[in-house]
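Inspection log for the structure reproduced underneath, given as structure tokens.
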Amino acid sequence: MKMKLPAMALSALMIASPVMADLVFPSLSYRTGPYAAGGIPFADGYADYFTMLNARDGGIGGVEARVLECETGYNTEKGVECYESTKGEGALVYQPLSTGITYQLIPKATADGIAIHSMGYGRTSAANGKVFSNVFNYPANYWNGASGAINYLMSQGDISGKKVALVYHNSAYGKEPIRTLEELSAKHGYDLTLIPVDHPGQEQKSQWLQIRREKPDYVIMYGWGVMNQVAVQEAANIRFNMENFIGIWWSGSENDVLPAGEKANGYKALTFHGVGDDFPVFDDIKEHVVDAGNAAGAGDQIGTVLYNRGLYAAMLAAEAVKTAQEIHGVADINAAQMRDGMEALEITEDKMAALGLPGFGPSFKVSCENHGGPGLVGMTQWDAAAKEWTLISDFSPSDMDLIQPLIDEDSMAYAAENKIEPSC
Amino acid sequence: MLDNSESYVTEDGRTIGGVVMEMKNITLRFGGVVAIKDISFDIREGEIRAIIGPNGAGKSSMLNVISGFYVPQEGEVLFHGKPRPQLRPYEVAQQGIARTFQNIALFEGMTVLDNVMTGRLNKMSSGLLAQAIWRGKAEKEEIENREKAEKIIDFLEIQHIRKTPVSRLPYGLKKRVELARALVSEPSILLLDEPMAGMNVEEKEDMSRFILDVNDEFGTTIALIEHDMGVVMDLSDRVVVMDYGKKIGDGTPSDIRNNQAVIDAYLGVAHD
Amino acid sequence: MLEQLYFAMEVFLNGLMAGVLYALVALGFVLIFKASGIFNYAQGVMALFSALTLVGIMDGQVPFSHIINATFGTDIHHFGWHVPALFAIFGTVIVMVLFAWIVQRYIFRHLVGQEPIILFMATIGLAYFLEGVGDLMWGSEIKKLDVGLPQGINDTIDQVTYEMFGYGFFIDNLDIVATVVAVLLVIGLVIFAQYSKEGRAMRAVADDHQAALSVGVSLNFIWIMVWSVAGFVALVAGIMWGTKSGVQFSLSLIALKALPVLMLGGFTSIPGAIVGGLIIGVGEKLFEFFMSSSALAGELFGFTISATENWFAYVLALIFLVFRPQGLFGEKIIERV
Amino acid sequence: MFYREAGDFKTSYTDDNQTFPIKFDRYRYYVVLAIAFGVIPFLINDYWANAFLLPFLIYSIAAIGLNILTGYCGQVSLGTGGFMAVGAYACYKLMTSFPDVNIFFHVIAAGGVTAIVCTAFGLPSLRIKGFYLAVATLAAQFFLVWLFNKVSWFYNYSASGQINAPERFVFGVPVTGANTDAWATYLFCLVFLTISAIIARNLTRGMQGRKWMAIRDMDIAAEIIGVNPMRAKLSAFAVSGFFIGISGALFFAVYLGAVEVGEVFGIQKSFLVLFMIIIGGLGSIFGSFAGAAFLVLLPVVLKLIGVDFLGWPTDIVAHFNLVIVGALIIVFLIAEPHGIAQLWRVAKEKLRLWPFPH
């Protein structure tokens, strides 16, 4: 949100002027603190897409989109403050961008009738729309990620009897895949070793010596922040074959591999959206946002993994708005209508192509029961020479037969604890 | 030689009781340094007992032994005729031994009144919960002890600075507040570590008067360390003289004045 | 069983190496504490700040570009030059000297004679301040730091040990470099302290402020110098850690790794910092090794204890301190009234 | 003109001992209480409750707790975050184990549990002093956080390790869970804060407070005049832990509703509460309030000015926030080591003499 001095005065005026009809998208960003490097590109992408829509199409369905950015610093309390300060502005959907804040907001936002879209993070069992009426985590969640990684490994060869190590951030987020991986190990017969890394993860010698000793065939990582960079570096140090090292999507951005340089070549990461800037939509972003001087950040993040993720989130939100506008026949929708729009969202190849994002993400359809989508995940790989990620697999299904019962179990426990009557 | 329990009357008509505290062959070492070497003396009830000696003679260490802050390697302290077990300093205080310090050790962050009130802490027994609620016993106790404290404050003529933080007081007044804090605990033995150090003549006179008054009015036994020989000779009933950790004299002021070893120590005759 | 022993030895060696890195951070603390009695919590942030500055200078980043752009609507980011590492290090040292001067002039000159705990809290404030300034100046994205240090497994050691034991030990080249640098740094400091005029003055100040003052040593000058040297040590630590993980916010958290080292080694002793660092490094790595290798701890507790490194050093130091309050090499505390 | 103590004579020590010996202060205190209990609940909305009032009330309790330990007893602790976590997890375990007991007692009991834990971690204070102790308390911070993260019993074996506060009622009104009203949570916390402040005030004006302050000002002298240092220090740890535990319990159950220990009760929390009492005033109950209010409001105000008014990017404002907090800590330590409370006292003294300054 770059501002020139006159523009600043103007914006001060605008605050005073009567509120015009607009669609409010709060962005709980974190451009500071330990995870700033991850938060900045996401927030940029999220904001830029809406800026582009406003400049190119005059908003969504004729109504201007307004991104309210609020800095959380990845801090739960700031997140609550941000939520409270923005919800009165007519907020349509929240991207809490932190597992902690998501947990916090689930009951609050549900009570307030505002939707949460925790895309690829947050509470996995929120995929059960029967219990979590206002929480969406399509197109994929952590358990899909875990299953997707195993599926990918199986597509590379027989996995039974192999050793898989999970290196995880020792927090709620990092512990998410354990259950799934354990169930999968029972099913497919691989050995699972759990290796936690405590926050912040600056020093991981012990963990990687352990990996060197136990020689797992594959390492899966659920890391975040500095832990990612150190892990990739240490893996390179012990000459662990990068081909066999798979990160979750939060461990698969340029930030994570660049410090290790050449040696990170071949490192893989899961994803649920496209990489690179080879999509028509980026031309529009360049034209309407960057060149117009309205880019949210420095403009140097465009096309990075996390920028694309922010852009993808914005695209899904905008599409949900369009769906809601169709359903309810009003252009200036409210939060409840937005929720309906998200629940009826359908993303198809054609739609994405029309948006200038052909093949950018999986095709999926949200329903009242299933807020998580089909759980299609793809695999990307780092090319250190070209300094870019490439998608090396299709968005392929994860083992929903195994995951769905887990989702049901966890969400029903939540329902029982909080006396929620499952709907749909 | 008097018997330990016998009392006697001094030349100026004061009655001195039996022995309340007796040091027996005290030796105190810090690492290799011997601070006190095989010293014995006693303190009788109601008397003013002075410990004198040149700098570094081990006087303050002696006082610290009495107040339980230092534990001597050898020897024992008899209190009311019974050997005192090894006690923590606060336990010594609970037995009714109060003291002041050479370098004033007031609680700088508190007011005069609060400083004096700390002297009453062993007289107050209400528990944490009672104090938290501040009803009944806790409040009653606070008021009762406040009255006692105010009496001492009156006695030492520091009413006007009652609510002043100690850190703002001049040196002389601080010394007086420290005396008040020690006095208010109604000690059976009061230890004064250079109560007049750094004072001018007027302040010294005031302080001497207070010390005598205390001894008179409350019958408190006092042991003090002082450099000013004039003051010591005027105030005290009996004097112990220390030099290089050893006792070189013990007796009435007039005895001491004529003691050759003491004169040598003070005039600086070379030690062998 | 023999294999377990080799593993333990490998962990031990790596612990030593990690300990050297901890000691490197702790060294900065000791320098300042010895000379001025200030326990400088900001040492970790200084490492971050100096590393940020180094990268900024190397890449020709415009300081405060973000805020300049936001205020004036400009779009400047880089000067467009690249500075060789050695010159950039030199430039950074100048910045750290400047920083030392500011800290001395505007903060600690006003806090002379305060209690140590007040000074400690002031440095916590300083840490926050410097962190904010660092972010404003250079931005908060991750920066790659490459001053040409080797990284990765050392093949020679791997091969030699493989031939000897049938198990190749892993030693990181960067750790070896860090050890060499740390040794050189300590030797340099000792030489400086023993043989240079400024160094002798520094030691005089450390022994007794008043006495040093009375023989004509300028306290102000010494303190600025000590902060500068600590800034240099921070820079070295920042380079070592930054090479490994990239330069980013979390770098400042290495201060937390150094605190138990100091408690163990004593705040006033350079050998203490080194020995303390080694003990902590080895201790936490071995503890983690024994606790997390399922064969050993699993039978003991029924579950494995892992990710202990955040607290192990602190608990070790705490237990140690209860028995020896002045630390390993600290001077014995004699209480007086 | 109104602020006068002349003519306000005390005829008994009881009068002289009261919390607000000056009449004007006393009336102001009643007015503040009346507004806090009688007016604000009717005006409050979700934003003010969650963005300012609840954190202010809860942090005030924590600051009172830390102030007793650090400000009154002189034992610097950097383990506040860990101790708040004890309160939060104790409250969670109690809430889920005894759902029929009123949450009010759960919070009190959580304070009690924390008092015990805090006392245990206070034991080293008998040997370790000054910032050695400060650093030693970090052991508590890191160990406790690790423990709550590691042992799944503490979070009832939930998959993610998060704890969620179930819905609980006081007099039929929900105070935890999703369906709370701002006024109910506010009043619930306010009651705890009022009780805490009164208890803390009573303890610190009486003999217990004097013992603590004696230990703080000169521990050796205190011991020689009869303060049992072990009991004084440990009681300070216990009382401090009790308040910090209550604040942790409220922080989790009422304010956040869901907690992940490493994120919410990390070392940053310890520093935050420490900053509150430094800025507010060490050794002052009022200072605890002032510091909490200041540090809770500061980022909100900065955001209003920087983001909403000046239109700066949010990150610049957040960085400035760090710079300003850091600078303020230093400025306060240099210029007014006794914090806002002392500024307030000085202002009052000036007011007392006004309009005749000499």
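Note that the chains take the letters A, B, C and D in the order they are written out, and that residue 1 is the start of every chain.
Here, a residue touches a chain if its C-beta (ideal position, glycine included) is under 8 Å from a C-beta of that chain, and two chains touch if they have at least 3 such contacts.
For each chain, UniProt lists the protein as follows: A = Leucine-binding protein domain-containing protein; B = Sulfate/thiosulfate import ATP-binding protein CysA; D = Leucine/isoleucine/valine transporter permease subunit.
Small disclaimer: the values here were computed from a predicted structure and weren't measured.
J.: Which chain's centre, taken as the mean of its Cα atoms, is farthest from the centre of subunit C?
T.: Farthest by centroid: B.
J.: Which chain has its C-alpha centre closest to the mean of all protein C-alpha atoms shown?
T.: Ranked by how close its C-alpha centre lies to the overall one, first comes D.
J.: At what distance in angstrom does the C-alpha mean of subunit D lie from that of subunit C?
T.: Distance between chain centres: 33 Å.
J.: Roughly how many whole angstrom separate the Cα centroids of subunit A and subunit D?
T.: Centres of subunit A and subunit D (C-alpha means) sit 36 Å apart.
J.: With centres defined as the mean C-alpha position, give me the subunit B-subunit C separation in Å.
T.: About 50 Å, centre to centre.
J.: What is the distance, in whole Å, between the centres of subunit A and subunit B, each centre taken as the mean of its C-alpha atoms?
T.: 74
J.: If you look at subunit C, which of its residues touch at least two other chains?
T.: 66, 70, 135, 140, 307-308, 310, 337
J.: Give me the residue numbers in subunit D that touch at least two other chains, ranges are fine.
T.: Where subunit D meets two or more other chains at a single residue, that happens at 146, 220-221, 224, 312-313, 315, 319, 322.
J.: In subunit B, which residues are in touch with two or more of the other chains?
T.: Where subunit B meets two or more other chains at a single residue, that happens at 69, 101, 105.
J.: Provide the residue numbers of subunit A that touch subunit C in the complex, in ascending order.
T.: Touch residues, subunit A against subunit C: 2-5, 7, 31-34, 36-37, 40, 170, 194-203, 205-206, 209-210, 212-213, 225-226, 229-230, 233, 236-239, 255, 258-259, 261, 263, 293, 298, 300.
J.: What residues of subunit C sit close enough to touch subunit D in their complex?
T.: Listed in rising order, the residues are 39, 66-67, 70, 107, 110-111, 114, 116-118, 120-122, 124-133, 135-136, 140, 256, 259-260, 262-263, 305, 307-308, 310-311, 314-315, 317-318, 321-322, 325, 335, 337.
J.: What residues of subunit C sit close enough to touch subunit A in their complex?
T.: 7, 10-11, 14, 17-18, 66, 69-73, 75, 77, 135, 140-142, 144-146, 151-153, 170, 172, 241, 244-246, 248-251, 253-254, 257, 284-285, 288-289, 292-293, 306-310
J.: Where on subunit D does subunit A make contact in their complex?
T.: Result: residues 46-47, 49-51, 55, 146, 149, 158-162, 164, 166-167, 177-179, 255-260, 262-264, 266, 268, 299-300, 303, 307-315, 317-319, 322 of subunit D touch subunit A.
J.: Which of the residues in subunit D end up touching subunit C in this complex?
T.: 76, 124, 127-132, 134-136, 138-139, 142-143, 145-146, 150, 220-221, 224, 267, 271, 274-275, 278, 312-313, 315-316, 319-330, 333-334, 337
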